[in-house]
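Common to both upcoming complexes is subunit A, partnered first by subunit B, then by subunit C.
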Partner chain A sequence: MKNEKHNKNLKAALTLATTALFSTAQAGAVPLPSDTPTEDTWSFDSAFLYYSEAERVSAAEAIFNAKKNYSDDSTLNLKLTVDVLTGASANGAVAQPNVQTFTRPSGKGDYNVKAGDTPLDDTFKDTRVQLNGQWSQVLAQNYTGSVGAHISKEYDYLSLGVNGNLAYDFNKKNSTISFGLSHFQDTFSPEGGIPKPFASMPLSYGQYDDNGNNSTKNIHDATRMSSDDNKTTSDIMVGFTQVINRRMVTQFNYSHSVVDGYLTDPFKVLSLVDSRGITQDYLYENRPDKRTKQSVFAQSKYHFDETILDVSYRYMWDDWKVESHTLDSRIYIPLGDGSYLEPHLRFYQQTAAEFYQPFLMQSDVFPEFASADYRIGEMTAYTVGLKYGMKLDGGNDLSFRFEYYRQNSESAGHKAPGALASLALYESVDAIIVQVSYSF
Partner chain B sequence: MNKTRKIIVIKRADGFCIQFDAMASACEIIAEIDDEFLANKIGTTVSEEVWRIEDKYSRYNPQSLCSKINQSCGKPITIDDETFALLNFADTCFQLSDGVFDLTSGVLRKIWRFDCSDNIPSHGAIVKEMKNIGWRKVEYNDTEIFLPKDMEIDFGGIGKEYAVDRALLLIKTLTNQPVLVNLGGDLATNSARKNGEPWQVGVEHPGFIDKKTMVVSLYKGALATSGDAKRFLLKKGTRYSHILNAKTGWPIENAPRSITVSAPQCIQAGLLATLAQMQGDNAEQFLSEQEIKHWAIR
Partner chain C sequence: MNNKFKYSLVFAAVTLASGCSSLGVEPWERDLLAKEQMALTSAPIDAALDDHIYFSKEASSGGKSFGGGGCGCN
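Here is the complex of A and B:
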């Protein structure tokens, strides 16, 4: 190598040899795809989810997600969700020592509830079709913008939404600030109309034609104020993501949400009980027509040598005086060959809305707002789950998720008089969730 | 080599980081992309390619083609186009280095054990082993290789660098967004980072207790490092690096402890780093004269 001339030619000779190596080596190596899919690739995810509460609601959901990646880093995401809900849902009334009869929300029939049972409305059946579209692209160096639209249609419900988001990367892309806005417009047109606040549940007009001539129907209609109603939801979200080091990334979000309009559940009633705890009437619930929610969210992912720990916490509070804490954690454990296990643990705790009460007392001053909907009552819930994912031969992903959910409703300090003292007012809900996902 | 092979895909603020183990090294792909699906695809494609090369050319794997050739006892072994191309490349390296780089020099490792001791083999042992070295004794064509009995070939000097370049070729078919492939210190990228800045690469030297990680910048192309952080012998003040001169059977004296070279392709960078080491005292001068960007630690 002392030869000066030899040295000078070294670089050129090496380049030549390298070119030869990579132009001929490919026959024995894995061939390079000839039709280079660098531009405009589609990827698809599909999932089927089954959710079943013991003796209550079951839901089957199918999700299909299509994502198109453009060569300039823009992406188009389209997601179709179809879910079917069936089963029974608590109607808000309390259990009684005797059989109770309720008019179905449509007014065209009734159902009985056994003594001692929490009243469940078994007419719950709905199919929802939801379509989401999201476009995101780089607007300028370090700025990414995204806009989206949402439409969701159920038999008696229509939801339309738009959103926009802007993200700014800085600090060598180790930090990201994002700002988002969204707006939803929902219309609710339940069969049987929207009940007047605190109207007594009317008798059903059952088998009679609803031609307006029969007096039972007239009584029913007198409890209704309109055939449909609306609400709007406006959200502002500010987020901050920070890469701490190569093993850890954290995220913080704050969101402010204002919901305006018809926020009452037209299917929910409250039992009006006397001092002995015996129901005298069922009154339709009534909620304020505005709700302002705020939440803070923190998430941290930590990557150990192999496993990844993902922990998040959310604190939500609103002017209905509902406060909730959500603690969620997952551990990603790779098993080799692209398969993995992911245990999941979630804990949720919520205080009751200030107008929540499990029933109304005849002797009490009549409130301005009241609801016995357990979903805005005091509760704790936890989820324990396990996901198993695997890589299929073609490089596609298949995963299975199984989760158990338990929700315990608790007394928010309301006294149970007479007969109610010995009846279950706060029932727990058990549910299982099974999901199968496939990406290709 | 049926140990568990897995890749880990980690979401980071600026994209994805994919990690796996191959060729006795920690391997990492950094992809400045948002698409998790694409990141997974890149991770799977690259790791499978690297493992494929390892399975085919590792001399530690008894099932490998390399082992088959080494155990052929003088019988011809069938080879494919890829192996033929690699042998041609090695042949060019042999000629460019005037015989200092030799694919058959691996047998010297039987007598040279670089354990930081002063355990220098005897002259007789070296002369004996030198009989089993010599690229010119190897015959091959595009379908067969014939390796004389008691000789061995070893792709260790170019295998990992070759895998880096193959990985980059595959990545270019999947994306043109910035991706960096790092196979245990031998690395290459298809482009500068999205923010227009170069990749900052830490060249680690596990054996250098008192030295900090050296950080080098890379806009495009490849880097390879040849070092002897923990693999050397020391006798009477002379430091013998683990780089062996196939012509003499002796290690190179006074080579830099580590040399990192930048080149358009990793296999070139790797070879240049090795050839520079073989210049001993003149290593840096050798690279400077040829205007090859490098970083040396003495």
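Here is the complex of A and C:
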């Protein structure tokens, strides 16, 4: 009982705060007393997620979402996301039978990797703040429009985005066609600048060369081409939703996406190896500056007597020759009293981008593009998860989600010469995802 | 043979399209469809968090909603 009162007070306070925030835009608007009855309602969702890879990256992410439903069916959605990333990420180089030394992306220091280990750069640390706003309203009978804006800022990254969507309902609102556009403008200003394609990784500042001369920052800077670079992402999406019967609804989407600009990862290198499989140099990777992706997506939800089955499938292909299949399924199982269990299974499989290669060979013709980033290599992944949710006094929702995610990198047919034959080139990544959500 | 296949494809498409108008429910039969768990995106926060994870760990994104840019996630 006390809890319920506390929750109501919290919601009332937040409603007042958000109302006050937005009424400042209306000159001369008089704030309504909090007890004035109104048909407009606010609802709030919050979640905290912890993602952790074994011996690699950890991320903590918090989301706060405020949604206002107006009496005329318009909605305003405001979302704040904050995340913190720390830990180690594969730098692209291959394991070696000896200790390896790498320069940190900033150029101000170095790190060692043990013999036989996949090289991980442990410098990753970033905090990101993201704001999303979305306004949706009925434009005319059977027509719903929606517009949104996005801003995301990290220490070394800025992303600005806008989107718009138009939906048309017909056949007694059993069928809906939708058309959406989205555009993102991103700026990347990585610590230490943008490396030149295939430049050798320089020594860190303060190192001495063979003649005892102090190599300066100039040597590092000679491997850089600029301090920042941009990319744009333009998406078109066409969707069709159909109610099949009282128990079933389906959705089909087609998406076309063009990413243009700096698509290389400035922190990733490739090992240049000789015929014995021994690394002679580390070269910064280079990807094409354009990528066109397409995908088809289908989803179906079926309401059995008690449980609800949700199955979706996505096929994606692009001009980098990446093809992927994603199968996702959930079963909502009510347990009574508003509580439920929801098991989740996801399966993912992708082919490698055509320029992916785990390392460069000295004897081979130098390619135009190359990347050893395992995320664009051949891979299968699966997720197994379980969510438990409950209704609290006062109708608020509390839920817990626990998931296990595994990525298995696979060889795309590259031969491993000499020493590399006995080293692990394609490592698996294990991660756990823990999430707590509260809606009021 | 090829033509026969094409015709069956066109036939299937026309049947499917005309079938859609006979699919669906009357407004008073929406009791189950109206449940929040039957919404196509019934947990938008979970979906946003998952999209962020898979966008930064795999070479695919979007499909259900916009794939977008949005972060320099590693």
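FYI, the second predicted complex is superposed on the first by the 392 of 440 C-alpha atoms of A that agree within 3 Å, B and C clash if a C-alpha of one lies under 4 Å from a C-alpha of the other, contacts with A are read in each partner's own complex, and residues count from 1 in each chain.
Going forward, a residue touches a chain if its C-beta (ideal position, glycine included) is under 8 Å from a C-beta of that chain, and two chains touch if they have at least 3 such contacts.
All values derive from a computational prediction rather than experimental measurement.
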- Item | Touched partner set for A:41, first subunit B, second subunit C, both or neither | first
- Message: Touch test for A:308: subunit B only (first), subunit C only (second), both, or neither?
- Response: both
- Scan A:249 for contacts with subunit B and subunit C and give back first, second, both or neither. both
- Determine, under the contact definition given at the top, whether A:241 touches first (subunit B), second (subunit C), both, or neither. both
- Query: Touching A:89, do we find subunit B (first), subunit C (second), both, or neither?
  - Reply: second
- Note on the structure: Of the two partners subunit B and subunit C, more of subunit A gets touched by chain C
- With the two complexes superposed on chain A, say which partner A:230 touches: subunit B (first), subunit C (second), both, or neither. neither
- Figure out whether A:336 sits in contact with subunit B (first) or subunit C (second), or with both, or with neither. first
- Message: Tell me the contact category for A:433 with respect to subunit B and subunit C: first, second, both or neither.
- Response: second
- Task: May I ask you to decide whether A:169 touches subunit B, subunit C, both, or neither, giving the answer as first, second, both or neither?
- Result: first
- Query: For subunit A, which residues lie in the overlap of the subunit B contacts and the subunit C contacts?
  - Reply: 172-175, 241-243, 246, 249, 301, 303, 308
- Message: Under the definition above, what is the set of subunit A residues touching subunit C in their complex?
- Response: 45, 47, 49, 51, 57, 61, 63, 65, 79, 81, 83, 85, 89, 124, 126, 128, 130, 150, 152, 154, 156-157, 159, 161, 163, 171-175, 180, 182, 184-186, 188, 190, 231-233, 235, 237, 241-247, 249, 251, 253, 255, 257, 259, 265, 267, 293, 295-297, 299, 301, 303, 308, 310, 312, 314, 316, 320, 322, 324, 326, 332, 348, 350, 353, 375-376, 379, 381, 387, 401, 405, 407, 429, 433, 435, 437
- Message: Could you list, by residue number, the parts of subunit C that touch subunit A in their complex?
- Response: 20-21, 23-27, 29-33, 35, 37-38, 40, 42, 44-46, 48-49, 52-54, 57-74
- Query: Tell me, which parts of subunit B touch subunit A in their complex?
  - Reply: 4-8, 10-14, 17, 32-35, 37-38, 40-41, 44, 48-49, 52-53, 80-86, 88-89, 92-93, 96-98, 100, 162, 165-166, 169-170, 172-177, 193-197, 263-265, 267-268, 271-272, 275, 278-279, 286, 289-290, 292
- Message: Under the definition above, what is the set of subunit A residues touching subunit B in their complex?
- Response: 1, 3, 6-8, 10-11, 13-18, 20-22, 24-30, 32-33, 36-38, 41, 43, 67, 69, 71, 73, 75, 141-142, 169, 172-176, 241-243, 246, 249, 301, 303, 306, 308, 334-338, 391, 395, 397, 439
